[in-house]
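I have a structure here, written as structure tokens, and I will follow up with some questions on it.
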Amino acid sequence: MMADPCSTCPIHHPGNLEKLGIDMSGFDYIIALAGNPNTGKSTVFNTLTGLHQHTGNWPGKTVSRAEGAYKYREKRYKLVDLPGTYSLLSTSTDEQVARDFILFGKPDVTVIVTDATRLQRNMNLVLQILEITDRAVLCVNLIDEAKRHQIEIDFRTLSRELGIPVAGTSAARQSGIPELLQKIEEVASGSFVCKPLRIKNKDKRLAEAIEEISQTLHTLYPGLPNAKWIALRLLEGDESIVNALDSGQLGNLTL
Amino acid sequence: MNASFLTVTFWILASALLLFAAYRWWFKYVFSRKNPELEEKTLIEDALKHLFDNEYKSLISTALSLSSSLKISKEQTHSLLLRMETMNLATKIGEDQLQLTTEGRAYALKVIRIHRIWERYLADETGYHEDHWHNNADQVEHKMTLSQANEIAFRLGDPVFDPHGDPIPGVDGTLPAFEGVPLSEVTPGEIARIIHVEDEPLPVYQQLLAMGLFPGLEIKVLQIDHQKISFIADGEEKILIPAFAGHITVKPQPYTAFNEQKSLTLTDVPLGSKAIVTGISAVCRRQHKRRLMDLGVVPGTEIEVMLESAGKNPRAYRMLNTIIALRNQQASMVLVEPLKAS
Amino acid sequence: MENSGPNIDQQAKELESLMARVRDLRWQFGDETYDLYLESVYDASQKIVSAVVKKPGETRALKLETKIDRVVTSKKWGFPIMFLLLAAVFWFTIVGTNYPSQWLSLLLVDTVHPWLKSMAELTELPFWISGLLIDGIYLTTAWVVSVMLPPMAIFFPMFTLLEDFGYLPRVAFNLDNVYRKVGAHGKQALTMSMGFGCNVTGVIASRIIDSPRERLIAIITNNFSLCNGRWPTQILIATIFIGSLAPSYLGGIVSAASVIAVALLGIFMSLLVSWGLHKTVLKGEASSFSLELPPYRPPRIKTILYTSLIDRTLVVLGRSVMFAIPAGMVIWLSVNISIDGKSLAFYLTEWMDPVALFFGLNGIIFLAYIIAIPANEIVLPTILLLTVLGSSVSGQEGMTMISANSALETADILKAGGWTLLTAVNLMLFSLLHNPCSTTIYTIYKETKSLKWTMYATFIPIVLGLVVTFLVARIWEIFG
């Protein structure tokens, strides 16, 4: 066998990507795909896996979870397309599925797909996801549309502010995909260490309550990565979190 | 030919009617059959609730208060109390005073938990109107098991308050200490938040609902005397007779800035104009409120009225650079401050 | 990973006291936690976005979008545009179906079928094997393909085009007023539109409705969207019986109009039933309705073709073929098993005829609908095969006679079988108003997890269908 000539190519060579469709055997990394509805999440999924998830221009089109795989630079990635949600806090089934997967499915990287023309709306979910996980990549999709609307985005500052890599893509037109793959790889392999932004609570009483509970959580489960978020979930009455603590699903995560 | 068809038509219609009647009768029979066991259980549980309610509000229960609350005769009350004493649920102290035993209190809390969780469920997940909640929950509480109720609570995110503002007892039967004072006992000039609107009796509750009073609403009391109580709520002066005011529990909020003006809502903003969100009305049910907030309806967001459908309901709004259609019922819960057209 | 025994006990105890503390705090905060937290989140994102995004004022692209939106949702133009688009999609489907259907039938039925038969004779296959395989299974499948493929291959791409462009949410916006008045959710307009393609997709799409009550209404009434499986029946019957009443140059338009009328009746019925459910078994107030109107996006032709042809057309066609195979066997058997020289099908239709005639239909149609419970698309082939049988004695001959298939000859066959204009009209109505196909019923059960609601969804349309056809038959009698 000859050595793969592509392994030495610059990243812009699309030949580094091999779409594996539904062949998810022997993967090296699990990648979760999260984002608001109608941000072109399914298009990103289809572009990477070569599958044909339904896409449609109305929110909520993807009503179930889809899985696929791709190979990039000799590593196999399993890609899980989560249902599109506005938030991760509600009791609706969609949000529960997305939340549970990011929390318990232990993805190596969570790719958050956003719409470049409505970054502010999408940022709400981005910040919530960064509360849960340390390993994320922001995919700012639909940049072609943003250009059409003369919107300019400073990706560098955005990446610095959020503490995670940012890639601008236009999945429907196949542009920006190599950068996205590269950034995913960097986080998955650990060559980029994320320092995700954590939200400061404006309300003093709530901030104190969260601080108090997360302190106790820390003494109970030393090294818990997202104690503050779990404290918030506890105050929200999320019993599945309690069960997870009980059964050690969360506590042992760090041992 | 025609005649025979008419005859057949007649017979088909007649038999359909008959079938329908039979079905209704069967339905009624199955569902209204008296069940003596359930009836007794209901009576006991209702009595426990009465005793607990008085205890919680530091009031005294007597056989008389019980019989008037349950609307049963003296004799029935007497035998009910005997039954409860043998079951070790309640005891008599002194002449007439009734008290719950530890078992009785735990039992009462269990029933209350089921009742309030079910009300929360009806409010959050179904489209039933407010005045159905209580009556429906009054029936369900005697039939549902605690584990069923816990399962519902789990799905709802373990709520701690019912839609009337009452705390829901915890799984282990804990309940926070009673807070708040009846509206009739607030000092004039004080600002307070309604924390509970009593849902019994129904006509009074309906009247209070119709006046737009609900838990979470902030009011400023103007005047109190033995004839009437007047206060400002949502920019309007409202008047209640003291008997009705006793059905409302409030918690004084001395440090809150009170807005005496009627707040405008999104429905007041004309097509093409902009407004800034100042808040979401307290009447908005929890799930709906979350939905709105997820869409970007939080204080400070700028909203522009973009489109009106044929009946002016729904309308579409641009918020955070997205166009979102809302029915007027939702939009009327979004409190705003209109922006002057520049 | 390993915890020692006492450590775990200790931990459990501490967790318990933590939970008690959490509950105390929750009683203090009430439901406010969420609001307070989310406000902080919005605050933070506002800061970040204002630092990194530079946005011009109103760009031309944005102004154009607003303009389009103002027109397609306006009082004056909103409904006419919607109606015209719907009519255009249907009209293109009906008109465009004609020739491809004939070519396919020429190929599959007139050419391949006789060839298969002669092959069977050459290899001296026993009568019952060649009959079951070639006259039963093959012929029914060929029929289904030639009748179904063209309308789907035309309808789905056009529909997907509208979907991809972003028009469907505007439809929901326009119609919400009506849906609100009948106590249903505005997004039901979306699920209804999906139902025009296939009721299974429509039922699954109902997941976008959060409120359980309104979701049930959407699921139960989805069957009133005339799905692709029923289009061919409508189109063929309309062309034969209604289009032929008009002068030939108007035939296409008249038959298209009659099919559109049936589809509109379906929409009306879905609203009526929604209202009925809202007033009786699914009482309640309208829940919250918020619908994002996404920006218009230039359609991507490749994706549209893939989605509509591979994902939708082939999937639906594949399913119908799966059901056509056993149905073909049943039809052939019922035609060829005879008792006292008369076939099983003959007895069954004879037996159902009096009742069916009372509803302005006939026994064959009833029998066909029973055989076709698995898939609506095989109704018409079944009817034709059974009708042909009625006019000839031997099932064998009947099966082959169907090969001669063009609209005119089909008309002759049906008229010979005693069909009138009333039969045709009522068949069109009954095709709209009858039980959902078995796949849809199964999907409804999966989605609702309730036998009760599945039963409602199954029997409401059938009862309505019988009532409507009955009334039409009676009115026909009075004026006819």
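All chains are identified by letter, namely A, B and C, in their written order; residue positions are counted from 1 within each chain.
Convention: a contact is a pair of C-beta atoms (placed from the backbone, for glycine too) under 8 Å apart; a residue touches a chain by one contact, two chains touch by 3 or more.
Computed from a prediction, not measured in an experiment: that's the story for all the values here.
Among the chains present, the centre nearest to the common Cα mean is that of C.
Chain centres were defined as the mean of their Cα atoms; on that basis the chain farthest from subunit A turns out to be B.
More C-beta pairs touch across the A-C interface than across any other pair of chains.
Mean C-alpha position of subunit A lies 36 Å from that of subunit C. The distance from the centre of subunit B to the centre of subunit C, with each centre set as the mean of the Cα atoms, comes to 41 Å. With touch defined as above, residues shared between interfaces to two or more other chains in subunit B number as follows: 159-160, 287, 290-291, 294-296, 322. Across the assembly, subunit C contributes residues 26, 34, 38-39, 42-43, 46, 169, 210, 291-292 that each touch 2 or more other chains.
Counting only residues that touch two or more partner chains, subunit A has 87, 89, 117, 120, 124, 236-237. Contact residues on subunit A toward subunit C in their complex (touch as defined above): 37-38, 52, 54-60, 63, 87, 89, 92, 117, 119-120, 123-124, 126-128, 145, 148-155, 157-158, 161-162, 172, 197, 199-203, 205-206, 209, 212-213, 216-217, 219-220, 232, 234-237, 242, 245-246, 251-252, 255.
In the complex of the two chains, the subunit A residues touching subunit B come out as 86-87, 89-91, 117-118, 120-121, 124, 236-240. The part of subunit C that touches subunit A in the complex is made up of residues 1, 11-12, 14-15, 18-19, 21-22, 25-26, 29, 33-34, 36-46, 48-49, 51-56, 59, 61-62, 160, 163-166, 168-169, 190, 204-205, 207-208, 210, 291-292, 294-297, 300, 303, 306-307, 310-311. Those residues of subunit B whose C-beta lies close enough to touch subunit C in the complex are 2, 5, 8-9, 125-129, 159-161, 167, 170, 174, 176, 286-296, 298-301, 306-311, 313-314, 316, 322-327, 329-330.
Only residues 20, 23-24, 26-27, 30-31, 34-35, 38-39, 42-43, 46, 66, 69-70, 73, 75, 78-79, 169, 172-174, 176-177, 180, 186, 210-214, 283-293, 358, 474, 477 of subunit C touch subunit B when the two sit together in their complex.
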